[in-house]
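Order as written gives the chain letters A, B and C; numbering starts at 1 within each chain.
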Amino acid sequence: MLVILVLLIPLATTLLAASFAWRPWIGWTSAASSAGVLGLGIALCVKTSDHAAVLAVHGALRADSLSSFMVVVIGTVSLLATLFTPRTLRQEIESGVTNARYARHYVVLMEIFITCMLLAVLTANLGVLWVSIEATTIATTFLVSHRRTDGAFEASWKYVILCSIGIALAFLGTVLVYFAELHVGGTHHSASLDWTSLMAIAPHLNPDVMRLAFALLVLGYGTKVGLVPMHSWLPDAHSQAPAPVSALMSGVLLTVAFYALLRFKAIANLTLGTSYPRALLIVVGLASLLLASAMLIAQRDLKRMLAYSSIEHMGLLALGAAAGTPLAIAAVLLHILGHGITKSVLFLSSGEIYHLEGTTEIGKISGLLARRPVLGGIFGFGLMALLGFPPFSLFLSELSMARAEVDVGLWWVVAITLACLGVIFGAFARHARQMLMGAGPSASTGSTSTAGSVALPLITGLVVCALIGVVAWPLQSLLHSAAHVVVP
Amino acid sequence: MIGATSTIFSIVATLVQVVLLALLGPLLIGFMAKMKARAEGRVGAPIVQPLRDLRKLLSKERLHARHASAVLPLAPMVIFAATTVAIAISPLVTTRPLLGSSADVLVIVYLLLTGSIAAALGGLDAGTAFGGMGSSRAMTIGALAEPALLVAVIALSIQSGTSNLPSIVSTTMAHPDWVSGPSRLLALVALVIVVIAETGRIPVDNPSTHLELTMIHEAMILEYAGPELSLITLAEAMRLGLFFSLIANLFFPWGIDTNGAYAGLALGVVALVGKTAIVALGVSLIEIRSAKLRLFRLPELLAGGFVLSVLAVVTGLVTR
Amino acid sequence: MSTTYVGALELASGAVLVSAVMTLWRRQVRSIVTMLSLQGMGLAAVAIILAVHEHDKALLVTGGLVFVVKGLVVPGLLRRVSKLDSNSRESEPLVNVPSSLVFAAVLIVLSYVVSSRVTSFAPTEATHLTPIGIATVLVGYFMLVTRRRAVSKIVGLILVDNGIALVTFLLTSGVPLIVELGSSLDVLLVVVVLQFLVVSMGRHLRTDELAEMKALRD
């Protein structure tokens, strides 16, 4: 019942937003629905903490602790993003970027987007998982092109083309898994792509087929995750979408696709052993990390900088998953949560910066700390959290991932990762100094204070991030039982 | 003495094939011209007109260009000889012609290629602008069509498991379902494209044009006159007849003689005439419906033919 | 195993690949869309032939669905897009037509070599034909990469999708119905999205030549 309710809440909000003309209260309803999802997610976590899975609709929906954890992540980040929906839309309507009709579209699409992500993590069927991840592409395309500028159309065009061809590969991979499932032991079984039954017969799947399938899945879902060979849509889409959409895409959409990879990796591990999936993930992870650090050095645009940082963090996740021990997976999940919160805080504050300064070009922004201490402070602390400074949770998760990697003998991967993180730190420090320090343009006008409705959610987000970093114990058992879903 | 009677039969059959094609080739050209004229609302020349032309040319004087070497008069003979040999050994009215065992697809393709090269050399020999231009164009087209032809016949041999033409024909008769298989159909389309290119029909070349910018084959034989022109034209007509008969027999072999009986031979002749007439009708329909392609668009058409023949090979391998 | 079944299956899947090659060959958007429609129908034929042979009702439904979506609706949508566009020819592909045809031949041979390992593990009449599906996928990718016009890119995407669908039918006689429904819906929606984008971009940028898209870069 809980599982169905999680899906029904955003679905009901979708219908509500679709049937009324745009009013700010619809935006607040959307935020309330996200809060509801978060609450139900926590309830699911408690319910599944004893390694049991909750089934619904004749087993079509299934929540184990991994799914529940992902519901919590989706709930948290979408709560942050939807809290900014009324404000963003009001600003855009005032400045003539959009109108009431498109504002209504925006809310409807946002809720469809959230519903699809929830369905992706709650379905028991790996085929339906593919369908819902593909459906997120469709919903987000319109959100990326929401501003209807040339750049926004170009970004959404590239986004939909690249993601569709990438996700098509993932479908081929899924089909191959299904093919392997059909022919287990050479006889025709009834196959369904159901997670539980697949895990049960995983050791008997044909290794040749699974090798090809897993490579296609890494490439295919890797497109949605933003891993390197197929990453090029990400900076464009993230920089052109409205800030809450960027926050939601970067904060959870990428990691929902990564969740799909984690599931398939568990199956591949049982069929093929650890070395082949590990090698593939290390290749794409290191490539993403190297590319992101190279692109960050000379980055001129604030939102593109954040987008490349997402590629970097997805690379880190891939490397953590490559290690594959329970500790590594727990760290990966913690990183997913920490990155989701931090990145959405940063995107949302960058949206605020864009609204106030009229630009996202790093070179044209300066003196933020002096002129807008609260916003500048949030942004500065957000960057510190993103870079993995100690009080924040990303520090803890990066450290644990590194430890897990060393444990399985991947010390050279850790060495390369640390070198890349050093470069990225340098790049961020330079960009941050440019934007935060200095006196700023003397002709700057307008209010220097930051509205409480902006500051409060963002500060809360950062505080939560820091709290998780300092006292991870409430999460510890949850993370471990979630990790055990994919690492038996 | 079964061996001796069958050898005699083979000799007779081979002679029948050569004589039949020598008549059938020009008649097919006349038939297609007639079809085209009808489509354009004209009465057109009678079907036997190409034969009359050949006879008239024979009675004319031999004339050579001043700078021509021995290649010029030799070329028609080489073309004629190569085509005749190819006809003699191919399974046209019977699957048992003399030397039928040596009728490998590669042998036929290279015999035909020998003819093309001789024609090109003949065109170059007089040293005139048009002859050279025609030769170079014909060679370009040939270079593009030849691989497609080769791959298409390889597709057929993969399916039959042999590269011997008479065997391909007789195995096809034993497996009627092959004819509708995708590999066969693809090879058929590819071969039709190749044949249209090799025999110089629209949309590749226009056999009735003498406009210097567009002609290909006509430019090549512009310097020939009299009996030599007659010979070269006859050889080209026989070549066309051979191509049409091969298409007919490779894709619809029924009617051909397989037992080595004289009655079957007579039936084979009738069947071949009927089948080639149908092929000619098809080709003239293509000619009527399409405009000549510009020269630089030809590679697209022929590359398409090539891909189709590769497709035929791959589907042949897949479905075997 | 009846020969008519095998023959029909070969013919229908052959038609899918041939129409993929034809889309590379033709320049007129109108005839490309016709080819795409034929391909969708060929795909539906494959599904229906398999369904009849295996007495699989779900697959029969899928076949009907494929016929409607890929044979009629998607080409219809594309035709509407191309009508909005006065200049409906692929003007300058990055690779010219003869070279891309030769390249397609290479891809076809490649797919035959690649897919032999997968199919050898469960050999049936249908799985033998998998290389045809893989080849269609590769031709689609090739089209996506080398064609500049927006409509051609959409066509490439649909080719990829049809190829994958063909592989699905041949290898596994179709995925579970719910997944099939979902993926068909997704394809349809993607085409709708792309159509919307082409139209909007045409209004904004006055052209859908993607070579012009250079606003976003590092």
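By our rule, a contact is a pair of C-beta atoms (placed from the backbone, for glycine too) under 8 Å apart; a residue touches a chain by one contact, two chains touch by 3 or more.
Keep in mind it's a predicted model, so treat the numbers as computed, not measured.
Chain C has its Cα centroid nearest to the centroid of all protein Cα atoms in the structure. Comparing the CA-atom centres of all chains against that of subunit A, the greatest distance is found for B.
Per-pair tallies of C-beta contacts place A-C first. Between subunit A and subunit B, the centres computed from C-alpha atoms are 66 Å apart.
Our note on geometry: subunit B versus subunit C, Cα centroid distance of 37 Å, whole angstroms.
With centres taken as mean Cα positions, subunit C sits 31 Å from subunit A. In subunit B, no position touches at least two other chains. Counting only residues that touch two or more partner chains, subunit C has none. Touching subunit C in their complex are the following residues of subunit B: 177, 180-183, 185-186, 299-300, 302-304, 306-308, 310-311, 314-315, 317-319. On subunit C, the positions that touch subunit A within their shared complex are 117-118, 121-122, 137, 141, 144, 150, 153, 157, 160-161, 164, 167-168, 171-172, 175-176, 178-179, 182-183, 185-186, 189-190, 193-194, 196-197, 200-201, 204-205, 210, 213, 215-216, 218.
Residues 3, 6-7, 10-11, 13-15, 17-18, 21, 25, 97-99, 101-102, 104-105, 108-109, 112, 128-129, 131-132, 135 of subunit C are the ones touching subunit B in the complex. The part of subunit A that touches subunit C in the complex is made up of residues 125, 127-128, 130-132, 134-135, 137-138, 141-142, 145, 148, 150-151, 153-158, 160-161, 164-165, 168, 171-172, 174-176, 178-179, 182-183, 186, 191-193, 206, 208-209, 212, 235-236, 239-240, 295, 298-300, 304.
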